[in-house]
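Here chain A shows up in two complexes: once beside chain B, once beside chain C.
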Partner chain A sequence: MNIELIFQIAGIGIITSIFHTVLKQAGKEEYSVIATLAGVSLALIVVIRLIAELLTSVKDVFFLH
Partner chain B sequence: MEILQIVGVGLAGAVLAVFVRERHKELGIFVSLATGVIIFLFALQKAGAVLETLVQLAARANVNMFYLVTVLKIMGIAYMAEFGAQICRDAGEGSTASKIEFAAKILVMVMALPIIVAILESILRLIP
Partner chain C sequence: MLRLLGACCIIAGCGILGFSKGEQFRQRAEMLRCLQNGLNMLEADISYGSTPLPLALARVAEKVGGITQVPFAQAARLLKENNGLTAAEAWEEGVNKLDAEFTLTTEEKSILILFGQGLGCSAREEQIKNITLAREQLRMAELAAEEARNKNQRMWQVMGLCTGGAIVLMLI
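Showing the complex of A and B:
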């Protein structure tokens, strides 16, 4: 039960949205898209690790070898 | 009181997901996905103990292990398909969710086929 991961992903989301807004206000549309992409990729890495853990434990528990 | 832990994680995850989803839809989906996975992992630890006991009881009752493992596999497929389909439906991809459910039904049918064949064979043996 590591709730830190939820806070981590939510933090990535909030920081990404701040970057997005700031870069948009500064008139750098293209950089704001890249910042959003980076945030989504970071969150995806964390989530994919979590899903891999889930899938391995489901495989172990339900004999899905 | 583990239920309080689960409720706390769920509430925190739901609030954060709603907060993030307003600004970034895809990151909100990640937050709700992570919340779901963490709760599911927690429940799975408990389910593992229950299933182990079930397997031991079946071994003591001389139940054929093949059938029990098939039933457990079907349970696993159903749980995982439900999980994935709900995440997809949350993300607004209802058609992908239906396809996951369809594939899960097919896989369950494939898994259950040997059991159905065994039942039919024993019925045929009863008929003279």
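Showing the complex of A and C:
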């Protein structure tokens, strides 16, 4: 497991929360929701590769292909 | 090492963009304040000094300085050139020049142009009333600009830096 990836996802989380707080303080709630959604999708894009790897290894283990 | 340098450059670039956007809010409030000061001086020149308009405008332009001097200086120059322009037209030219250099909102522009239309074509009392009205409207605009600044300046600064951080995180 690559430890850098975990830090990357944690960083995305921290930055997303900062965006959310700052935008909410400035009274732009709708943009803060959009920023949060963007952060979640960025994290998902990173994670989805790992999930794909997991599924491939599951297939390999059970000789499903 | 090169990566670190690139990351610093991206964060600094985005930070500078954010800070310059935040700075615009401060400049707008300051410009409106300086314009009010300029109108104060013009009022004093008109009511106590009875100075001719081109000279009064040039004097105000000298005193206010910065970007705020643009409409005063331009109007004074056009009036001195004496090419058949009325004071209102010369002032409007000055406001347009200010608008080209520092984007004004429609409200600010209409306040200034409306003020110009009463300039130099009525009795002293009327002109002073006109200046007071414009100053009052500019004060309201300044309050609105100050409020927008309090709301947005910090937000743009933090957003700039964080966007840089996010880009770096995605690229690493």
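As a working rule, the second predicted complex is superposed on the first by the 65 of 65 C-alpha atoms of A that agree within 3 Å, B and C clash if a C-alpha of one lies under 4 Å from a C-alpha of the other, contacts with A are read in each partner's own complex, and residues count from 1 in each chain.
Quick note on the criterion: a contact is a pair of C-beta atoms (placed from the backbone, for glycine too) under 8 Å apart; a residue touches a chain by one contact, two chains touch by 3 or more.
Everything quoted here is computed from the prediction, not taken from an experiment.
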| item | value |
| --- | --- |
| Three-chain arrangement built on chain A, chain B and chain C clash or fit | fit |
| Touched partner set for A:23, first chain B, second chain C, both or neither | second |
| Partner chain in contact with A:52 - chain B first, chain C second, else both or neither | neither |
| Chain B versus chain C, judged by how many residues of chain A each one touches | B |
| First (chain B), second (chain C), both or neither touched by A:34 | neither |
| Touched partner set for A:15, first chain B, second chain C, both or neither | second |
| Distance of closest approach, chain C and chain B, by C-alpha atoms in Å | 15 |
| Chain B and chain C footprints on chain A, overlapping residues | 12 |
| Contacting residues of chain C [partner chain A, same complex] | 151-152, 154-155, 158-159, 162, 165-166, 169-170, 172 |
| Chain C-facing residues of chain A, complex | 4, 8, 11-12, 15, 18-19, 22-23, 25-28, 42 |
| Contact footprint of chain B on chain A as seen in their complex | 1-3, 5-7, 9-10, 12-14, 16-17, 20, 36, 39-40, 43-44, 46-47, 50-51, 53-55, 57-64 |
| Of chain B, residues touching chain A in the complex | 5, 8-9, 12-13, 16-17, 19-20, 23-24, 26-28, 30-31, 33-35, 37-38, 40-42, 44-45, 47-48, 51, 69, 72-73, 75-77, 79-80 |
